[in-house]
Amino acid sequence: MPKQDLYSVLVGSNDKSTVSEIPTNHLRVGLSSHSSLLSHLLRTLSNRTLPPPLPPTQILTLLSLLTSLDTQNHPLNIGCGEREARLASSILKVRGGLIHGIGRSGDVNEMQPKAAGSSVICVVVKIGVKDILQNSLNFDFLKKSTVTVLPTCTGLTLLLCLLTLKKSSKKSSNKVLWCRIDQKSCVKSIQSGGFELIIVPTLKIGDAVTTDIDALKALLDTHGDDVLCCITTTSCFAPRIPDDIISISKILKSKNVGHIINNAYGLQSSHVNSMMVGAVNKGRVDYVVSSLDKNFCVPVGGAIVFGPDKTKVKELGKMYPGRANGRVVEDMFISLLEVGREGYEELWEYRRNLIPKFIKTFENVATENGERMLKTEGNDISFGMTLSNFTNEECGDIGSMLFTRALSGCRVVPTGVQKNIGGSEFEGFGSSTDDYGVGYLTAACAVGMKEREVEEFGKRLDGVLKEVVKKREKKKKKEMERKKKEMKEIAI
Amino acid sequence: MPKQDLYSVLVGSNDKSTVSEIPTNHLRVGLSSHSSLLSHLLRTLSNRTLPPPLPPTQILTLLSLLTSLDTQNHPLNIGCGEREARLASSILKVRGGLIHGIGRSGDVNEMQPKAAGSSVICVVVKIGVKDILQNSLNFDFLKKSTVTVLPTCTGLTLLLCLLTLKKSSKKSSNKVLWCRIDQKSCVKSIQSGGFELIIVPTLKIGDAVTTDIDALKALLDTHGDDVLCCITTTSCFAPRIPDDIISISKILKSKNVGHIINNAYGLQSSHVNSMMVGAVNKGRVDYVVSSLDKNFCVPVGGAIVFGPDKTKVKELGKMYPGRANGRVVEDMFISLLEVGREGYEELWEYRRNLIPKFIKTFENVATENGERMLKTEGNDISFGMTLSNFTNEECGDIGSMLFTRALSGCRVVPTGVQKNIGGSEFEGFGSSTDDYGVGYLTAACAVGMKEREVEEFGKRLDGVLKEVVKKREKKKKKEMERKKKEMKEIAI
Amino acid sequence: MPKQDLYSVLVGSNDKSTVSEIPTNHLRVGLSSHSSLLSHLLRTLSNRTLPPPLPPTQILTLLSLLTSLDTQNHPLNIGCGEREARLASSILKVRGGLIHGIGRSGDVNEMQPKAAGSSVICVVVKIGVKDILQNSLNFDFLKKSTVTVLPTCTGLTLLLCLLTLKKSSKKSSNKVLWCRIDQKSCVKSIQSGGFELIIVPTLKIGDAVTTDIDALKALLDTHGDDVLCCITTTSCFAPRIPDDIISISKILKSKNVGHIINNAYGLQSSHVNSMMVGAVNKGRVDYVVSSLDKNFCVPVGGAIVFGPDKTKVKELGKMYPGRANGRVVEDMFISLLEVGREGYEELWEYRRNLIPKFIKTFENVATENGERMLKTEGNDISFGMTLSNFTNEECGDIGSMLFTRALSGCRVVPTGVQKNIGGSEFEGFGSSTDDYGVGYLTAACAVGMKEREVEEFGKRLDGVLKEVVKKREKKKKKEMERKKKEMKEIAI
Amino acid sequence: MPKQDLYSVLVGSNDKSTVSEIPTNHLRVGLSSHSSLLSHLLRTLSNRTLPPPLPPTQILTLLSLLTSLDTQNHPLNIGCGEREARLASSILKVRGGLIHGIGRSGDVNEMQPKAAGSSVICVVVKIGVKDILQNSLNFDFLKKSTVTVLPTCTGLTLLLCLLTLKKSSKKSSNKVLWCRIDQKSCVKSIQSGGFELIIVPTLKIGDAVTTDIDALKALLDTHGDDVLCCITTTSCFAPRIPDDIISISKILKSKNVGHIINNAYGLQSSHVNSMMVGAVNKGRVDYVVSSLDKNFCVPVGGAIVFGPDKTKVKELGKMYPGRANGRVVEDMFISLLEVGREGYEELWEYRRNLIPKFIKTFENVATENGERMLKTEGNDISFGMTLSNFTNEECGDIGSMLFTRALSGCRVVPTGVQKNIGGSEFEGFGSSTDDYGVGYLTAACAVGMKEREVEEFGKRLDGVLKEVVKKREKKKKKEMERKKKEMKEIAI
C-alpha cells in the first residue's frame, strides 16, 4: 500500500538529520497547517456537506494536491494509450487543472481510472451542489435523489433530457409540448432532437403573459400518446411570468406525460423554489434544468439537472456519450469551496433585498419619461417598462444606444416582430405572445448585481430615452422649418 | 469612434509631461514591441494563417488584451441581463479567460455581442485549425469548406452529426449502420439519439479485423430508405484496422446514404489522412469528427468537425442549442499560437519516426515471452501482441498490474468477453469481432509519446509478464508439493 | 513613430474584410472597454493620483500590457548583452511579470532602457504611495518632496539611510545614537554599517517604557561631532511606547544631528502620523523608514523611505548599487490598483475601530487569570498583560503552547533575559529596559486583523494560561503526595 | 504529533464509505503518484543533491504543498503580531508563493518560525546551487564550505561583503583596491559603504585590457594596513579581460589582504571557473559574488556568495539585517527543479558551442565593413570590433539605431569619454583604460542566446553600419553639391 505521510517525508523516519536546518517545532506547526487543510476535504466527503468558505491559497493547494493524483502527473507514468492527457503547450502545462477530463466513455458521471483526483473533485462538486439545493433552497425531495452536473449549456442539457425521456418511452411519442417563451435555445433543443414542436399558446392577463393552461389541456387531449413531454419555464423575461408549474405538473401527472422544467436562472428566486417543491410533491416532474453560471456566478457553459427520481437523473449522465472537459467542474469546485453555502445564501439574499430599489429606480425612469412599469407579479427577476411613446425604429435606436453605452442585458421589444426559428413561425416574437400591443424594455435584477449598478442603470437608461426624444424633436423642428420654407416658396 | 492608441496614452497628446520620468526613446522601443505583437494577430486574421510560434508571455498578453474586450471587463459596464458573466470566486476573477462563453443561443458559431474578444479568439482558432488541416495535412477539399470546433467530446459530437443529418432527411430514416469497433462512446451516441443501431460485422483477415464490406452492402439493400447513414472508423485499437473509407464512401455515394467518419485520433496518421482525401474526392463524406485532445495535445473535451460541404458543417453548429463554455477554445488558442503549424507538424513527424522503435521494442517483449506481434497493417497507431500462453484470469492480472505500475493505456483483451451496451449484445467484446481466437494486449504509439517512454514501456511490460509466469510457476510448485505430500500420506 | 491602435489592428485599415465575421458594433463596444481601461492608467500618470479600485482582470490586463513593453517581450528582440532577462524555466515564462528588474546600475530609481513597461509600473507605484501618504495620512510635507520604494527589508533600508547620511557628513562622525527598542534588526543595521552603537537608555514611567530624553541630551553633549545621527522608533512592542519624536527632533535640529525614524509599522496609527507631521515641521527629520508589508498588506520584503527633503530621499536611491528584483514593486502595483486609496483608508479605519474590542477581550483574559493589562498609552498597536503569577519556565511554556496552537505573533517576555547582539550586551532583553520587574505577554491589533480573530485570540490565550496553571497544580499535588508518602515512610 | 497521511484522509480510516464512489484501485494509483512526487523532495533533502528535472505541474504541486506549511495558510491560524503575512489584494492571495519572506530579523539565512515551508524551500535552493557549483563546475573547495543566496543585486551584495570584511578587520582599514572595470555598480558599492576607492590601473596588452599587477603591488605597499581588500573581476565587457585571479590571490595572500571576486556572470565560463579553483587553492579568496539572473536565467535581482571559508560565508548572511522578500528564492526553487543540474550543464554547454559561430558572424560583419575584431583572449563571453572608420557622433548613432531596431545589449564605446562616478573621475570611460585609442562595439555571447539570434545579430548590425555609412555619403554628396553650387555662383 503506497503510504507516505508528509511529516515523515520532511523529518525523515530513518535519517534524523534530513532537514536538520529546520527546527522540529517549526515543522510541527507547519504540518498541522497542512493536515487541517486536508481534514476540510475529509469532512466534505464524509459528512456530505460543504466546509465553511476557505481562503484562496488553501483551495489552490487542495486543487493542486488532488490533480497530482491524476496519472499524467505521476512522476513515473508511461502512457501507452491513445489518450494520455499530454499537453503540447507549456502555458497549459503550467496552468494545470483537470486535463484528463471527467467521466468515462459512455457515462460522464463514471469515475475515471486515469484521473482519481479529478474524480474526487467531481464528487465534491456534486456533494456541494446537492448540499446547497437541499439545505439552502429546501429541496427536500433531493434527500433520496441526486444531482447531475453537466459541462453543457442549458439548451443542450434540455436536449439530453428529451432524448433520455424518449429512450424509455414508446416509439411513437415524438411530440413535445412547449409552453411558449420567446428565447431561441429551448426551441432549438426540441428541433435539434428531431422532435415535433407543439407550441402551447400564452394568455395575456393584465400586463403579464403566461401559459394558457386550458389550451395545454386541449393539446394534451388532441395529441394523446404522441406527446413525449411538456417543457415549462420558470425563469423568463418580463412580461412573461413563471409558469404555474404546480397546476401543470398535476395535469401532466394525471395524463402520465413527462415534465421538464426549464429553470435556467430560477434557483435565485424563492418564489420559484417554493413552486418547485410543490410541483414535485403534488404532480409530475421528471427533470429540472438550471444554468450553473446564471445561478452560481461561474463561467458560462454548465448546467445541473435534478429531479425527485434518482434513477432518471442517473440515466441522464449516461446520455453524454464520452469523457467531458473538466473546466466547468473545476470552476464549480473552486467557487463552492471559496464561496461556501453561506456565501451563496448571502448572494441570493442580497439580490432579493435589492429588488425594491431596482423597481423604484426603474419606475422613476418610466414615470419621468411618460411611461409606466409592466405589472408582472410572479416574475421577481426580470422587469419591464412600456415604450408606448416610441416608434419601432426608435425602439431599435434605444437598444443599440444602451449597448454602446456599456449597459448590457437590457432588451427592447418592439411590436409586431415576426421570426422563423428552425422552421417554426412566431408572431410578436420577443414578448412570448402574438400581439402584446405595446413595445417595452426589460431589465433584470439578477444575482451578482450591485447597488451602485442599479443607480447607474437608472441614470443611463433615462439619459438614452431623453436623448432619443431630443433627437426626435430636433428632427421634427428641422422638418417644420423645411416645410415652412417650402410654404414660403410656394407663397412666393 | 472610440479610438485610443497606447502611445498617446503613455506619452500624453496634450500634456507632454505625463510620464516625463520615462525617456521617450525607452517608450518608443517598448511600444514597437507592443505593436509587433499586435501585428501577429492582425496577420492571422487577414492572411487566414497561423503566425510562427509565439513565446508564452506574448500569447498571454494577447489573450489578456482580447478578453479585455468582453463587456464584463469594461470598466464602465452595468449588467442588466440575467447573464452577465459575473464571478463569485476571487480565484476565478484572477484567472480570467473566456468567461462569457462562446456562441449565441441557437448557434455555437455565432458571434457573441457581449464578448467581442471571445469572438476574435474563436475566429483565430477556426483559422488556425483550418490552416493546419489544409496546409499540413493537405485536406484540399477544405479550401471551399470550413471547420467547426465544438466543446464536446467525440461521442456527443457524433450524436450532433447524426441529429443534423436526421433533420435534413426523410422522416423514416432512423437506422444507423455502424461498422463495429468495440468502444462504447460511438454505440452510445447512436443509442442516445434514439436511432436504431445496425451493426455491420467485421471480417478477420490474417490477424487484422476490418469491416465486412459485402455485409455492409447487403445491409444497405435490406434496410433501404430506413438507413440514415453509416458510421465508419479510422482510428482504432489493434487488431481492428482503419476502415477502407474510400471503397465504403463510394458505395454510400451510389446508394445516396450519409457517411460520418469517426476519426477520433486519426489526424496524426498520414495513411488515414490520405485515405480521407480519397474518400472525399471519390465518394460521399458528410462529416469527419476528430478529437482535439487526442490530436492536438490539449485538455480532454473538444472536437472538430469538417467535411467537403460548407453548408452541412455550418448547419452542425446550429445544432448546439446555446452558448458553450469557452475553455476548449481558449486552450486551443493558446496551443495553436504557442506550438504553431510547424510545431504540430514536428510533433506528428516525431511520432511517425518513433514507430519503428516502438514496434521493435514491443516485438522483443513478445518474442522474449514466447508470444508474437499481431500483424495489423494499416493501423500505425495501435499495436498488439498475443497473450496465448496466459489464462483469462492471468490476463486480468496483467492489466491491473500494468495499471498499478503506472503504465497507463495498455489494453488487455481476453477471449470470450460478453458485453451489453445499452441493450445491444456483443460477443468477444474488445476485439471488434465475435471470436478473435486468442487473448492479446495492445499499446499505442500516439502523438506526444517520448523515446524514453518507449524503452520504459518495454521494460515494465516484460517485467509484468515475467512476474505473472513466476507466480504461476510458484503456485504450480506449491500445488505439486501439496500433491506429493498427499500421495506420501496415502502411501503411508 | 511606431503607432498602432488596437481598433485599426482588428478592423483593418486597408482590408475591410479582416474580421468580417465579427460585427463592427460588437468590436466597437469591446474596444471602448479597452480604451476605458487604458485611460485609468493615463489619469494616474497625468493627475498623479491613484484611480478608484479596479477589478482583478483589468489590473492583470494592464500589467500584461505594460510588461509587453519590456525588450525581452519584443517579438523581434535579439539580445546581445550579458543580461537579457532570459528565463530557463517555462513556469517563470508563463508567470511573466517584471523580469528585467527595476533601476539601473548605480541608481535603483533610474529608468531602465530595456524595460520601459517596468519603468511605468515603478512610476505608478511611487505616485500611488505618495498619493496615499499625502492625501490619506495628510503628510503635507511630501508636496514638495518624494518617496522612494525599495525592495529591501526595513533593517537593510535603515543601513542604506545611515550610509547615505555618512557620505554627506564629516569623516569622523561614526557614532549612531539608538533609542533602545529591543528588536534585533535595527541594532544589526547599525553594526552592519560599521558604525559605533551608542545606546540611549529608556525610562519606565508607570508601565510604559520610553526614551530617556535627558540621557539623550547628555549623550549628544558627550559625543559631540562624532554623532552621525539618532535613530528613534515609532512602532514597537508594548510596554515600549513610540518615541516623542517631536521633542527629540527639536533637540536634534538644535544640535545639527541627523534623525532617522524607524517607523516600521507606524503608518497605520493616526497618533504616530500626527506626531510625524509635528516632528517634520518643528524639528529635524532626515529619513522615515516604513515597512511595505506591515502597512500595506503585501508580501514581506519592501520598504518606503520619505522625508521633507527631496534631495536626500533621491540621494538614497543612488545608494542601492544596481538593478533590483521587481517583485516588490509589482506586488505594490497590483495592490495599489486593486485596493485603491479608499480601500487602504478603510483597512486602517477598520483596525482603529477594532482596538476597543481587542483591549476589552485581552483585559478579560488578564482579569480572569489574576493578571492585569499594562498601561502603555501612546502605543495603540501592541498591548500587554502581566504574567506575574507565572515562573520564567512557565512563561516559556506559554510561548511555545500559543505557537503550536496556531496563535502566531504573541510575545512572551520573562524577566531577567540577557542577550548579546553582535557584541553589544543587553539586560532585560525584550522589554527595552534593564529591569522591567515583571514578566508579560504582548499581542498586536495590527492592520488586517479581523473581528473573529480577536474573539478566537481571547479564547485560545485564556485556554493556554489555564492549562499551564492546571499543569502546575497537578504537579504540585503529585509532589505533595510524594512528600506525604515520604513522611509516612519516615513515620514508620 | 499531528500526523495525517493523504491516503487515510481520502479513504477514511474509520469510515470505509468515505469516498465509496471512487474505486480503491484508482485511488491507489493516484496516491502512489503523490508519494513519488514527495520522495523527490525527500531525496533532495537527504542526499543533498538536486533531483532530475521535474515537469511543471509537479513543481507547482510541491510549491503549493510547501507554502501550505506557512502559518498564514493554516486554516486555524490567528495572527496577533505586527507582521502576519496578510494580503490586501485578491490577486496576490491567488498567486500565493512565499509571502512571509525568508530569514529572521538579524540573519537572512535563519529559519523563519512562521514559515516552515518557506524555510524548506530556502534549504532546497541552497542545496541545489551548491550541488551545481560543486558537481557541475567542480568547485571542490565547497565540500567543506557553503553558499549563500541573497535577494540583492550584485552591487549591493558586494557592499555587504565589504561591510562584513570591515567588521572583522582593524578599524583603520578603510581603503578598497579596485581593479578598474568600467561598470558603475562596483564603484558605487565601494562608495556607498563609505570606503575609500583606490583605483588599480589597467594595462593594454595588444587589444586586451587587464589589471596592471605591478601597479597593484605598488599600491599595496603604499597603502599598507589601510587596505581592507582588493576587488578583482572575472566577467567583463571586451576589451577588458578577466583578471589573472590566481596571481592576484597569491599576492593578496602574502600581504594578508582580503580578496573579493566580482564574478557577476562568470559561472558560465569554464576558463573563469578553472581560474577560480586555482585562486582558492593557491591564494586568498574571501568572497566570490555571482549574479543569479545572469548565470541561471531567472528574473533579475539575486546573487550568490561563496568562498572556501564556511564561517565567512555564514557571517555574510548575518549582515542582511532583517527578513527578505521570498521571490528570488521562489524563482530559483522553480528553476532548479524544472531545469535540473543536467539542464544547466546543457545550457552552458550550448553557449560554449555557440561561441565559434558567434565570433565568425561578428568577424564577417567587421571585415565586411572595413573593421576588425579585437583580440581579447581570455574573455569568452564579450567580444568587440573596432569602429575605426566612424566618428564619435556616428558611434552614438549606431548605438541608438541598434537599440530602436530591437538589438539590445550591444555597447558602443567612442574614444575620449570622461565620466564622474560619485566623485571619482574616469578618463576613457567604458574601455576600462584611460586611452584605448579606438572606438569599438561589443556584443556578448551569453547563456540563453540562441543560434538564430546570432544570425539575426549579424544581419542587423551589418545593416546599421551600412546605413550609417550611406547616410554619411549622402550628407557628403549633398555638401559637395552645395559647394559646387557655391563655386559656380562665385564663378558667375
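Labels A, B, C and D are assigned to the chains in the order they are written; within every chain, residues are numbered from 1.
We take it that contacts are C-beta pairs under 8 Å (C-beta built on N, C-alpha and C of every residue); 3 or more make two chains touch, one makes a residue touch a chain.
Just so you know, these numbers come straight off a predicted model, no measurement behind them.
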Path length in steps (a step moves to a chain that is touched) from chain B to chain C: 1
Chain whose Cα centroid lies at the greatest distance from that of chain B: C
Pair of chains joined by more contacts [C-beta pairs], A-B or A-C: A-B
Rounded Å distance, chain A centre to chain C centre (Cα mean): 45
Distance between chain centroids, defined by C-alpha means - chain A, chain B (Å): 28
Where chain B touches two or more other chains, by residue: 25, 28-29, 32-33, 56, 60, 71, 74, 76-77, 90-91, 93-94, 113, 403, 406
Chain D contact footprint on chain C (complex, rising order): 56, 59-60, 71, 74, 76-92, 97-101, 105-106, 113-114, 151-156, 158-160, 163, 166-167, 183-186, 188-189, 191-194, 235, 237, 264-265, 291, 293-294, 296-302, 318-328, 331, 334-335, 338-339, 343-344, 347, 381-382, 403, 406-411, 421-422, 443-444, 446-449, 453, 456-457, 460
Complex interface listing, chain C residues touching chain B: 1-7, 9-10, 12, 15, 18-19, 21-23, 25-42, 45-46, 54-58, 60-61, 64-65, 67-71, 73-77, 90, 93-94, 96, 111-113, 116-117, 119-120, 123
Residues on chain B engaged by chain D in the complex (per definition of touch): 25, 28-29, 32-33, 90-91, 93-95, 400, 403-404, 406
